[in-house]
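What follows is a pair of complexes built around subunit A, which joins subunit B in one and subunit C in the other.
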Partner chain A sequence: MNPRILPYVLILPVTVFLCMFFLYPFVLVAQQAFSTETGFSLDNFREVVDYWRFPISLQNTLLLAAAVVPFQVGLALLMATMVNRMKRGRDMILYIWTIPLGISDLAAGIIWLAIFDQSGFLNSMMNGLGVIDQPVNLLSYQNPGMVFLAIALAEIWRATAIMLVILVAGIGLIPKEYYEAAEVFGASPWKRFSRITLPLLRPSLQTALVLRVILAFEIFAVVAALGGTLFPVLMGETYAYQFDLRNGGAAAAMALIILAISIGFTLIILRALRVPKGASI
Partner chain B sequence: MTLHSKLFGAASGLVVACTAFAAQADVLFWSTQAKPVEEAQAMRDQVLAGFADVVDYQPNDGGPWITRLEAELQAGEGSIGVLGALHGDFSAMNPDDLMDLDELGVSAASDTFNSLGMLGTDSVQYVPWMQASYIMAANVEALPYLPEGADINALSYDELIAWTANVHEAQGRPLFGFPAGPNGLAHRFFQGYLYPSYTDGVVRTFASDEAVGAWEAFRELWSHTNPASTNFNILQEQLLSGDAWIVFDHTSRLAQAFNDRPEDFVAFPAPAGPTGRGFMPVLAGVAIPRTAPDMEAAQALIAYMLEPETQLATLRATNFFPVVDVEFPDDLPPSVRAAGAAVATMSASPDANPGLLPAGLGARGGDFNRVFVDAFHRIVLANQDIRTVLDDQAETLAAIMEDTGAPCWAPDAPSEGACPVE
Partner chain C sequence: MTDTVAIDASADTRKWGKVLYVSTVVFLCAWVLVPIYFLLINTLSSPETVTSFPKPFWPEFDLASLTFFAGFDGMLSALKNSIIVAAMTMVMSIVIGAPAGYALSRFEFRGKGTFRLLILLTRAFPLPLLALPLAVLFIRTGLDDTAFGLALVHTTLAIPFSVLITFSLFSGIPIELEEAAWTLGCNRLTAFQKVVLPLILPGITASAIFAFVISWNEVFAAAVLTIENRTLTAFLLQNLNTSPLHLKFAGGFILVVPALIFIFAVRKYLFAMWGIANR
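This part shows the complex of A and B:
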């Protein structure tokens, strides 16, 4: 086969697949969001934005992302550096740390529910230690802070691994010569981390952050398991419009709003962590 | 072509032919009811095994249920033979998508149910299949705390509140259980129980002064309610675990408690308020989508579902009661006896004020429920001013009623045109 056509032939199946199962449905959803019985209109958007829970769910989603993602970046960086320094058992630790990656988000939510529930592990433990006399209900509408904390913890536990994997791969790409040179000049470990690892890790950090932030705006199952209706988030409201209210137009509008937020943040991250031309390794 | 590939081709062709044949012989019963694994299996083994054809009983959540159905309707052809769902599910559909079932000649004993099955048209769109209601249940340990002089079979809301307060005080924790979780049926309590009992209406009286009184009473009840109720969906779990001693829920969502430990729990009617003892029946029906592959088999299956023996088998399988006249045998499970007695006492009580399921709302049924759930969230959980919230939610409610043009249903006084929010 002509080597000039070959690459296009190779990506053809994926392109066709994406067009059929992503682009086409996306166009349909967009169409649904912008139309009512009377034709083109913004009524669907007006309806979902005017609903009294919309500002709350938007705020909750953003707050959660703001609390979880930076913490995860720090944690993933720390874990990746640690793994990289290990001489023995590196693979084993990496496997163990990435176990949560293989667990579905709903299952993760249920695991943490088993901990925080009124008859859950945390309550039994505190009861056994004599801290409390009888089980306390931690995840109730009276403790919104606790609900938030439980969801944030579950998210950190579940989704740090995806950043870790990307960062470990990124650190592996940094040539050893830089570190050797730095050592020769007597740079401290912190200096080596902040002056070599971090700057050269930019492309990986960019990828990891973009992926993670998009996932953070799509948070749904963990919240549903731990917060029920107490902690409305954008994705949960979308689900309610589609399946509880059978209002496809409003659900499509919500989906587009989430998409817009995701694109906005992706652009910000791409811009903030951009790699200058010709500076790649 | 090699011999191998020829053989393979022939074999796969045979497999395809076989599955196609098998798929055609089965009647697909696509249902939103009897979803729990044990109930679904009982439907297959005890109810549908007696039907002449093989029935493929597939229960599903409302979302996937409507999604597949709509896909088949849009495609103009499908494999679903018979639909089983709640009145609310059917009323959200376009009646043109359901076959008219007048010629089938089967119907329920209750004319009210039969007219609900017409979905506002002149012909039968779904045939009533089974019914249930909502009742109260209590752990026998709570009985000593009943307020003095109160009859558990004729409680008032004030007595219920006093009772839950007594239990709260004695046990040191609130033990009333309320299905306010994401999949709980709290909205039915407001629509069919609290509002009819306090305001003698649902829509007309939504924001009346009596309604303010109803919410004040409910707030008081809530102060003796386990705050984890916002995560309670099916109260039999909390009855069995001891997290709630006095509860309100759907009869089939309490059944397991009575069947597992019949000695430990009692069932009793819902309480009465100033305007009577409001209560609401639950109605499920069977229908045929216009895309059903084998109309005759589907019709035969519907006729079979309405036979008295099938109805009794359904009762044992799902804890939903028959809609036709049957003679009850003596060996019914404890849950059926307990719930049946409570429902009978409730409907026969002198102050009974039965309400009907919301009708004529079409696809806006979910929005209608949300008005009540939102009112609950704002008034009770967020502690907002009752009058403000009701006036606010009344606007949403009025818009839904005007949009759908749904006339009033009992206990609201009949209306000409859309039911007004007064």
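This part shows the complex of A and C:
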């Protein structure tokens, strides 16, 4: 076949597929959000924003992202640099640390339920230490802080792995000569990290942050497993509109709001961590 | 005199640094593994032990919870649905995605940069939300509540990864090998079949497994798009409020096991894939 046409033939299936199941649904969801029986209107948006659970679910989602994501960046950076200087057992340690990557958010929620539940292991441990003699119901409406902590821990536990993978791959791309040169000039490990690793890792950090922040706004199943209705989040409300209330227009409006927040934060991260032209490896 | 003291001190710091380093590694491994171990204990304990207090910290190897799980109405068919949807996603994402990966690695063509960027950008959207409009569309086309309809959405999730992984895999095979085959009388297709395909097959398998895991784990779209033919994640989510604890834990464990095996199988490719995606 003509080599000028062949690449286009090869990318055609993906293009058609994404147009049908990625672009087209976005058009549909926008249409659904902006229309009621009377035609174009903002009623769906007004309805979801005025609902009393909206401000609290927005606040919960943002707070959770603000608490979880920075912690994950730090933890993933620590793990990635530790793996990088590892000589023996590197593959084994990396496998263990990336296990949560394959675990679904629902399963992660259930795993942490096994710890925080009334008959869970945290209660048993506290009993073993003599702190309590009766099991305490940790995940109740009287303990909103504990519910938040359980969800945050489950998220950190589950989703740090994806950042770790991206950062380890990124560190692998940094030429070893830079470190050798730095060592010759007597740079301390901290200097090497802050002056070489961090700046050169910026593209990877960018990717990792964008992906993580977007996934953080999509948090749903972990919350459903651990907090139930105690801790409303945006995605959970969307699900409730679609399923419990059978209100497709409102669900679509919620979807667009989540999308707008995601795009907004993506742009902020891209801008804040932008790589100067010609400065990439 | 002062010299030896200084050397001692620096050796001391290095020793303590080493201890700190190793204990941090051990702590972080425990941080990942211990919660999974707790789930294992609960799964392998009888329903009474699961809700007891205080709990034992080792499994009693009682299969009552798992038997209850297997006997729970609708659970096994949900498990079957999960496997069917994930298998469909696996096949579709490779068949559709791999040609594009090959095109990206082998050809310079107008619009290549834009195409790559668009593929990456699809990851920057909350994709499960697509299930909402598709739910309406699928009812019109008769795809609602079918494994195939859900697999289409899951393929959208998996395709960016399958394109990028196959792109990096094909890039790892020198084009000279193909060129040599062409001079020996192969055309593009036979050269691909006889030279590239055997080399690429393990990597393609890894990418397929990754697609399987993505579909297997997905909750939101599965819960929105299926009603009668629920997948395991959707089924567990729907019954979270009503099901007893031991059922949740057994279900969670069944969700975790294939993920553990699959991540082990694809661990080598995880890093290659992100390395190329960032460049």
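Of note:
The working rule: the second predicted complex is superposed on the first by the 281 of 281 C-alpha atoms of A that agree within 3 Å, B and C clash if a C-alpha of one lies under 4 Å from a C-alpha of the other, contacts with A are read in each partner's own complex, and residues count from 1 in each chain.
What we mean here is this: a residue touches a chain if its C-beta (ideal position, glycine included) is under 8 Å from a C-beta of that chain, and two chains touch if they have at least 3 such contacts.
Predicted model, so just to flag it, every value in this text is computed and none were measured.
Residue contacts after overlaying the shared chain place A:Q242 against subunit B and subunit C alike. Shared-chain residue A:S119: touches subunit B and subunit C both. Contact with subunit B, but none with subunit C, is seen for A:N137 once the two complexes are overlaid on the shared chain.
In the superposition on chain A, A:A224 makes contact with both subunit B and subunit C.
Residue by residue along subunit A, subunit B and subunit C are tallied for touches, and C comes out ahead. By the touch criterion defined above, A:E155 lies against neither subunit B nor subunit C after alignment on the C-alpha atoms of chain A.
Where the contact sets of subunit A with subunit B and with subunit C meet, they give residues 118-119, 224, 228, 242-243. Taken together, the subunit A residues at the contact with subunit B in this complex read 52-53, 118-119, 134, 137, 139-142, 224, 228-230, 242-247. Contact residues on subunit B toward subunit A in their complex (touch as defined above): 61-63, 66, 92, 172-173, 180-182, 226-228, 230-231, 241, 243, 363, 366-367, 369-370, 374, 377-378, 381.
For subunit A in complex with subunit C, the touching residues are 1, 3-4, 6-8, 10-11, 13-15, 17-18, 21-22, 25-26, 28-29, 31-32, 78-79, 82, 86, 91, 93-107, 110-115, 117-121, 123-124, 127-128, 135, 157, 165-166, 168-170, 172-173, 203-204, 207, 210-211, 214, 217-218, 220-221, 224-225, 228, 235, 238-239, 242-243, 248, 251-252, 255, 258-259, 262-263, 266.
Of all the residues in subunit C, the ones that touch subunit A in their complex are 21, 24-25, 28-29, 31-33, 35-36, 38-39, 42, 50-55, 57, 95-97, 99-100, 102-104, 106-107, 109, 112, 115, 118-119, 122-130, 132-137, 152-153, 155-156, 159, 163, 188, 213, 216-220, 223-224, 233, 236-237, 240-241, 245, 248-249, 251-252, 255-256, 259-260, 262-264, 267, 270-275, 277-279.
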